[in-house]
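Shared chain: chain A. Partners: chain B in the first complex, chain C in the second.
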Partner chain A sequence: MNARVRTLLLATLLSAIAFELAVLAWGESPGSILAQLFAGTWGTRYGTGQVLFKATSIAIAGAAAQIALRAGLFQIGVDGAIAVSALAVGAIGATLPAGISPFVAWPLLAGVGAAAGAVWTLPIGVLRARFSAHEVISGIMMNKIAAATVGYLLSRGLAEKASVHTSPLPLGARLVRLGVFPGSAANVAVVVAIAIVLGWAWFARRTVFGREVEAIGASESAARATGIGLARRQMQVLALSGAVAGLAALNDVMGYKGYAEEGLSGGVGFTGLAAALLAGRSTAGLLFSALFFATLSQGGLSINARIPMEIVDVVVALVILFVAVAPELDARLGSADERPEERA
Partner chain B sequence: MSRLFSLAFLAQVVRIALPYLAASMGGIWSERAGVPNVALEGTILVSALGAVAGTTLTGSPWLGLLIALAAGVLLQIIHALTVLVGRANAIVSGLALNLLASGGTRFLLRALYDSSSNSPAIPGLTSKAGHSLLVATLLDPTTWMVVLVVVGTVVGLDRTRLGLRVRAVGEHPEAAESVGVNVLRTRLFALALAGATAGLAGAWLAFDQRQFSSGMSGGRGFIALATVVIAGWRPLQAALFAVLFGAAEAAQIVLQDQKLVAHQVVQALPYILTLLVLAGWVRRSRPPAALGRT
Partner chain C sequence: MPGLESVENETRARVLLKDIEKRFGATRALDCASLALFAGRVHAIVGENGAGKSTLLKIAGGVIPTDRGTVEVLGSELRVPRGSTGPREAIRRGVAMVHQHFMLVPTLTGLENLALGEEPTRFALLDLAPLAAEIERLARSLSLEVPLDVPVARLSIGERQRLELLRALRHAPKVLVLDEPTAVLAPTEARAVLTLAKELASRGVAVALVTHHLDEVVEFADEVTVLRRGKVVAHHPVGDAAGRDVRRLAREAVGEEPESVARAATPAGAVRLRVKNLSVHAGEEGAGAPLRAVSFDVAAGEIVGVAGVEGNGQHALELVLAGVLAPASGTVVLDGEELPSHDRAIAERRRRGLAWIPSDRHAHGMAEGLPARDVVVLGALAEVSHRGLVDEAAIDRSFADAVQRLEVRPDDGSLLAGSYSGGNQQKLVVARELRARKDSPLRLVLAAQPTRGVDVRAAAAIRKALVDAAGAGASVLLVSSDLDELRTLCHRILVLRSGAVAATFPADVSVASLGQAMLG
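Up next is the complex of A and B:
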């Protein structure tokens, strides 16, 4: 069994134990809570649709984080980029003429979202590449500034009168809902999410840009020694990550609400980052972990009457922690058992 | 503008700055020991709930304070164990702990008080009745504990054996090890201290508002982190910036009706200043050499 799989199994086992203990402490039966969680998600067409809707945003945000992680950059600013892009898409979308064709509106607004995300993320790249400022610190700061900027612009004229959101998008700018999941917010943005994740996997392996990014992620000094333009590539990677993050806004603004408002995406940037951490470099892993976190998030709502849905956040936090310490734990357990053949 | 020269304004500055001061000193201890700490936010949150739960369960606000500090220390010890023993990335650990704190406190809020928004009211360490805001703040013993923490950090980091060891493991752990400093133990101790000081910030908030409300840390841990970076990881400067941000927010509150600046601008001020400092536009800010190398 390879180390990554063993690590994930170990983390899953530990998280499951923690979940069971918390449920038991609450005085409920873990089995029946889990059954209800699955019934409320994959058990109905509405629930499945909601999971797909949430997984769409998480997968796009996760792809944005994974792109940067490949270059060894910890892109914590995904959340802020999504917030700013959502406002840009909502504000510009609202000005489009009522009869606009989707074939014009969709690519136009996708471009707006991507551009806003890239521009917003660029300072993180410049600070990292030109001033060697750690991208985590500047990312946190940019997220906070994004929240303030969105609130400021909405209160200063971008919001519709007597409301806290932008004017509704014309029908042509709305994404088509998936009719097989009646009542749910699942929409064609799910195709965008899959295309981004698969597209990046191809791009990373088959282009000079992708290979150089991989090389930078493996070792910055080695990459510099082979003549890769480190600073330029780092800035490009972060701008690309921001552009992808900006596309996550399409799901909420064009696919669900039909307008932008403060706090619309509710921290999905961080969930995406968690999904990327869980997935490591794996493409299938990213899609799987997006579905996993989306199932937990939607499932939390279905168990909320019996146990506070916040237990889901606790489980997610524990999964991240256990995944982070599992390699070391695995190495220690492995050396205790003296299994040298697996230590390669 | 005359309102900026009133005692009420001064009281607001002190009130807003105190939790920033306490939490930023926690950030200093942790990061000077070489351990990045984005978990300050979660630490403030669990301590605030610790103060309230401790007070309602034991009936004594003093025991509540003690439990608040213990909760802060516990969260930072988990951070220490995952990062130093489990070899987890410190940022990942910090983010996960923030999520654990926000989800966990809301879970406990419902478990203990059957509410998704706030706890019942608790008594404070001292009574506020009949005093102005400034006098009430000055009579509050936690206020003086924060002052003690700031003085202790400013003096302790530079002039005590412990401070020297903390700085040594943050700058060059191998060199510290070679002269007999136990790097792991020093970092554990620094993080426990960070937990207690950030915990004091949480306790201060809870006793100031006389209750726990969901998400009440409200980004204060990140503002504290910003002051640490802007101050170039130096305690006295961090304390000055904490007071400066307190003053900016207080001015915004006092002059609210004049609409001079939007509250979002004041809100974003510490973060914008941090970016400018990172870009070297204000002045160079050099992190501890071994920060994140754990």
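Up next is the complex of A and C:
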């Protein structure tokens, strides 16, 4: 079995056990809580739709992080890029004429989101490539600046009078909801998410850009010494990561709320980063971990009446910890049953 | 099977490896290999790159577990559990290993490196003073003096090797396992290390020594085991006629004798590379020793050698010419155009036809985490792509070409380069740098220690590729610590001493004159 898949399954199993224990400690019955969690997510069409809606943002944010990770860059600034892009999409979308056609509005606003994300993230790349500033530090700072800037701009005129959000988008700029999941926020952005994740997998493997980025991730010094334009590629890859992050804003602004407001994305940039770390370089892994985190997040809401949803956050954290130790654990547990195989 | 009959008195062996089999993925690195190390003897292990020498030593040193067969150390079996984090048990029993690659933290001083893992304390605080005194005593008694208070990154390769030896010898080991200890050293330093190994053996240590230099075997070893493709194909006491017969050993190791390579006739081309007053300050990033106003020319078709005791500016010269390091002053002109030293310097040189075989393969030549087939086209993807799309078949052809020209083993390019033996990694790098180029012809070949750690046959292939490149009109600058290599390949030899050109010799210079110029 693929080592990454085995790692994920092992981590999932371990965190499920931890979850059961936490539920028991809270004085609830694990069986019925699990049943309720399932019923609130994959058990109904509405629940399934909500999981897909959340997974959409996580997968796009995860792709943004995965792109940078490929070059060995820990892109923690995804969240800030999403926040800025959401505001840009909301503010510019609100100025579009009421009767605008979706065929004009969708690509236009997608371009706005991607451009805003790229422009916002490029400084992290420039600081890293030209000034050797670590991307984690600048990413954290850019996130802070993004949050403050978005709040400031909303309070200084971008928000509608007497509200904390931008004016609503015209109907033509709204993404179409998926009718098979009635009542849920699931919309056509899910197609965008899948296209991005698969598109990046293809791009990373088949293009010179992708292969050079991989070489940089494997060894910056060797990539540079063999003539790869290290600084240029680092800036490009972070701009691309930012552009993809910007597309995550489409799901919330155009697919769900219809306007932009502060804290709209709710830290999905970090969940996406966690999903990307979980997935490693695997494409299927990223889709799987996006669904997994989305299920936990939606499931947490559905069991919130009986146990605090923070327990779900604890489980999410545990999954990440287990993923970190799983390969080593797997090697030790696997030693007994692998030997005969090798001898055969 | 060969090898085992020599294990006459098994109880006496300090380390006894019996019928060892080890696989890495689909590759069988060792196949029923046996080895016995006895107190008081230097046991040389020779063979081609990828023959399994390092793997055998790592199993002897308790670094990695064996798949099949037994490892006995000092009379009892040594078991290395899977997922084990180090050769702790082997070290406890008195087996010390010096690896092919340095296991030193570059930012720490020599002393701090030696203290790692067993930091001496006084009142719960780190106290390195007694350790410093102990190491200095040990270093003096073994003639292994090294500056202990300087970050390892600033030490020369030879000094780093001495540090590794000091670490291995600190606890008076009963068994000393040396994986190519002389590969990176200048001849005088190499002799010192080998003399020390023999001296330790005479004091009762069992020494295992991997080397590619068969003359070292004859001069310093007591017995020799020959490995080929994971199997022990021969074992001789060096006292025997067979053990002293270098040509026979070479034949046993590689199957046939490699053809000898020599330079072409004196070139008559115009000057291509003109280096003028090149200076680098001491302690510049990775440069080691400084460079002081170095000037020389290399003509088209000419091979110019650079000789010198390690740490006399060769590395700085290499890095500046490659564009990794900006010089403090001076110019490098290729075909009448000055080469830039800004941050696009490397890419720009590559574009103008520079091939660089770096002395530090891991920093500048390859990435262990990439598949071998990607290493062969690293930085050269433009040649195997159309409109930004990579042509996998073309990469496969490049890799197959490398396998064919330099006999890269294993020949499965999808395996990670890091799983290849050191010599085969070098072959991957050489194959890439000296590949046939379509659009930009090769104009300058900068080859630094190109055959270091490479087996005799591959070394011959690499030398031939250098001679061919010169024959096709490129200027070749060959930095090497192998004086015979310089004398057979080069048209002229420069000697670097203290960062300056101390002398320039014609090709027929004697080793003695070279050595005299190197040492001053």
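Here is the rule we use: the second predicted complex is superposed on the first by the 319 of 344 C-alpha atoms of A that agree within 3 Å, B and C clash if a C-alpha of one lies under 4 Å from a C-alpha of the other, contacts with A are read in each partner's own complex, and residues count from 1 in each chain.
We take it that contacts are C-beta pairs under 8 Å (C-beta built on N, C-alpha and C of every residue); 3 or more make two chains touch, one makes a residue touch a chain.
Computed from a predicted model, the values in this text were never measured in an experiment.
Trainee: With both complexes overlaid on chain A, does A:Tyr152 touch chain B (first), chain C (second), both or neither?
Mentor: Touch status of A:Tyr152: first partner only.
Trainee: Should A:Val188 be classified as contacting the first partner (chain B), the second (chain C), both, or neither?
Mentor: A:Val188: touches no partner chain.
Trainee: Applying the touch criterion given at the start, work out whether A:Leu34 contacts chain B, chain C, both or neither, answering first, second, both or neither.
Mentor: After superposition on chain A, A:Leu34 lies in contact with neither partner.
Trainee: After lining up the shared chain so the two structures overlap, which partner does A:Arg224 touch, if you call chain B first and chain C second: first, second, both or neither?
Mentor: A:Arg224: touches chain C, not chain B.
Trainee: Now for A:Thr207: first (chain B), second (chain C), both, or neither, which partner does it touch?
Mentor: Second partner only, chain C.
Trainee: Could you tell me if A:Val119 is touching chain B, chain C, both of them or neither one (first, second, both, neither)?
Mentor: neither
Trainee: Scan A:Leu301 for contacts with chain B and chain C and give back first, second, both or neither.
Mentor: A:Leu301: touches no partner chain.
Trainee: Chain A residues in contact: does chain B have more, or chain C?
Mentor: After superposition, B is the partner touching more of chain A.
Trainee: Is A:Met141 touching anything from chain B or chain C once the two structures are fitted on A? First, second, both or neither.
Mentor: A:Met141: touches chain B, not chain C.
Trainee: Where on chain A do the contacts with chain B and the contacts with chain C coincide?
Mentor: 328
Trainee: If we count contacts the way the header does, which residues on chain B are in touch with chain A in the complex?
Mentor: Residues in contact with chain A: 36, 38, 82, 85-89, 91-93, 95-97, 99-100, 102-104, 106-107, 110-111, 116, 219, 222, 225-226, 229, 262, 264-265, 267-268, 271-272, 274-275, 278-280, 287, 292.
Trainee: Flag every residue of chain A that touches chain B in the complex, lowest number first.
Mentor: 22, 26, 74, 76, 123, 127, 131, 133-134, 136-138, 140-142, 144-145, 148-149, 151-152, 155-156, 270, 273-274, 277, 308, 310-314, 316-318, 320-321, 324-325, 327-329
Trainee: Enumerate the contact residues on chain A facing chain C in the complex.
Mentor: That would be residues 205-212, 214-215, 217-219, 221-229, 231, 328, 331-332, 335, 339, 342-343 of chain A.
Trainee: Across the complex, what residues on chain C touch chain A?
Mentor: Residue list for chain C touching chain A: 23, 67-68, 81-83, 322, 324, 343-344, 346-347, 349-351, 356, 358, 362-370, 374, 378-382, 385, 388-390, 432.
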